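The letters A, B, C and D name the chains in turn, as written, and every chain counts its residues from 1.
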Amino acid sequence: MATAITLPEIDATEWLNTEQPLTLAGLRGRVVAIEAFQMLCPGCVEHGLPQAQRIAHTFRQDDVAVIGLHCVFEHHDAMPPLALRAFMHEYRICFPVAVDTPGTGMLPQTMQAWALEGTPTLLLVDRQGRLRARHFGKISDMAVGAEIMALVTESEAGEQAQQPPQA
Amino acid sequence: MATAITLPEIDATEWLNTEQPLTLAGLRGRVVAIEAFQMLCPGCVEHGLPQAQRIAHTFRQDDVAVIGLHCVFEHHDAMPPLALRAFMHEYRICFPVAVDTPGTGMLPQTMQAWALEGTPTLLLVDRQGRLRARHFGKISDMAVGAEIMALVTESEAGEQAQQPPQA
Amino acid sequence: MATAITLPEIDATEWLNTEQPLTLAGLRGRVVAIEAFQMLCPGCVEHGLPQAQRIAHTFRQDDVAVIGLHCVFEHHDAMPPLALRAFMHEYRICFPVAVDTPGTGMLPQTMQAWALEGTPTLLLVDRQGRLRARHFGKISDMAVGAEIMALVTESEAGEQAQQPPQA
Amino acid sequence: MATAITLPEIDATEWLNTEQPLTLAGLRGRVVAIEAFQMLCPGCVEHGLPQAQRIAHTFRQDDVAVIGLHCVFEHHDAMPPLALRAFMHEYRICFPVAVDTPGTGMLPQTMQAWALEGTPTLLLVDRQGRLRARHFGKISDMAVGAEIMALVTESEAGEQAQQPPQA
């Protein structure tokens, strides 16, 4: 995916695991890995969230920020922030998580603004704040490790990685 | 591991899965991932070799060459090249494999020259031919993907990756 | 465990996946496998519930009834029946599940009456309605298959299995 | 499978992990689980042999005897008894293993006499010496545990289990 778009900012009703709300603008200079998930989505629980935890443990915090986006688009009443908090405690999610603001229809605001297809989706933003990859569903750890490192090794000034993996 | 050593060339009695014997010198310009293994080593069968296959499928051949080194240091009579060939057929190993030349003691020549601790060991050589990493035992796919990509994004001229993973 | 106790009946506010509430008395004549779980308990989601599903698929319904007991003893507000329904839909739980009646303290009524240590717990009741095994935590599929079959092969008249597995 | 055949005896050139050669006749009174395998068969290494080890650990030795049958029908030169011994050492196979006697064609003698389709195959023999199940390929641990226990609970006098699993 060759893209140079900048994602609209996250529209959240609240943030967990962080004292201050985060902004993509404020994370400029670091690579940002965003895991969009729902707490009652089996693919997120089994694959997406554990992989996001491994990203957080594999890369330096100075290089890569890991963020969760809880974007509830089904079973809305079953996944309020109060339940999300219990879920994060039980699953020991240690990175900051934004609660996507409910929209007028099924989709929450950020999910709609970013045109996400569903959960889990992993988005990668480069040091300059440009969206560089968006993976809906399952992607291998090796490909994720390679893709993120390709962004990490880019300078902040902004040349693109010469050699993305085949994935 | 910060190292700038150049590995001695592979000393092999024969090569499988390649028409011509390979040399590290001849692979200069590409990153080389070398999986040192024994066909009757459970950790190699379960972890090391499948990971090497995933490296071969994740990265571009122009960027990363994957090589096996069959370095028999125990049960020598049980793992002759004839058996290795059957093993590689059954396990569908698709990358070139060098048969390490037997030594005067237990250890074969290349294994001794490279001072390997055992199998499986994954060695990473950069585009300039310098040994950059050596992992004995198990290492996660995400860390391997990241480490290799850090070498891939280095220019052939040779600056080091600024940001290795923590791993 | 050599026990001949009869469990008190399940005290439930409601039952899901069944048109009529079930009773242990009504299931007399069949072996009953009861999976006590909480929807936000990682060990239940990863191990206990998938194993209960495999029990339901491995044995004949005429021989073995599989029942879930949702016994919430922590994060009470996060796991109301409404959320449980969404969870069961997403995880495709196909066996009847009783919602354990809240108690005066942390523990719900059935969990307290049965003196359960936590979740997941698998209880096995024989054709005569006697509690024959109670496993808190992880137990292997092979041992579970063997234990249940030992009860299945007992006649309803009631001799005990001669040969329980070592487990 | 409803069968009452008695398997011909194992025709072996040698036995490993046992001081005396075994016979099915000599094991009468116990259930016998026989794992037919080849050391270079990936399905045997990954699935069949670990499952046979779990059988040996789950059931009482007085009830269930676990035996391996190394029946080489391909890559004959790659899997001589000498190599098998190294393999069994590395993979810590702890049950007795018979080396199937080479035949005049590709198939070894016992494999041919038993009309096995390939490896891995798990055969179950009841306390009276009758073949009761034969599974080529993968079968779940829960079903195996149940099937074996159904045979274990039969008396030596010989009534059949009333309630085989659906499997």
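Here, a contact is a pair of C-beta atoms (placed from the backbone, for glycine too) under 8 Å apart; a residue touches a chain by one contact, two chains touch by 3 or more.
Quick caveat, the model's predicted, so the values are computed rather than measured.
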Review point. Hey, how far apart are chain A and chain D in touch steps, shortest way?
Key: 2
Practice item. Could you work out which chain's C-alpha centre is the most distant one from the centre of chain A? Key: D
Review point. Which integer distance in Å separates the CA centroid of chain A from that of chain C?
Key: 37
Review point. Centre to centre, by mean C-alpha position, how many angstrom separate chain B and chain C?
Key: 50
Review point. Using CA atom averages as chain centres, what separation in Å is found between chain A and chain B?
Key: 34
Practice item. Check each residue of chain A and list the ones that touch at least two other chains. Key: none
Practice item. Name the graph shape formed by the protein chains and their touching pairs; answer line, ring, star, complete or other. Key: ring
Review point. Which residues, counting only chain D, touch chain C once they are in their complex?
Key: 51, 54-55, 57-60, 63, 140-150, 152-154, 161-163, 165-167
Study note, to complete from the structure: Touching chain A in the complex, chain C uses residues 40-42, 45-46, 74-75, 77-79, 82-83, 85-87, 89-91
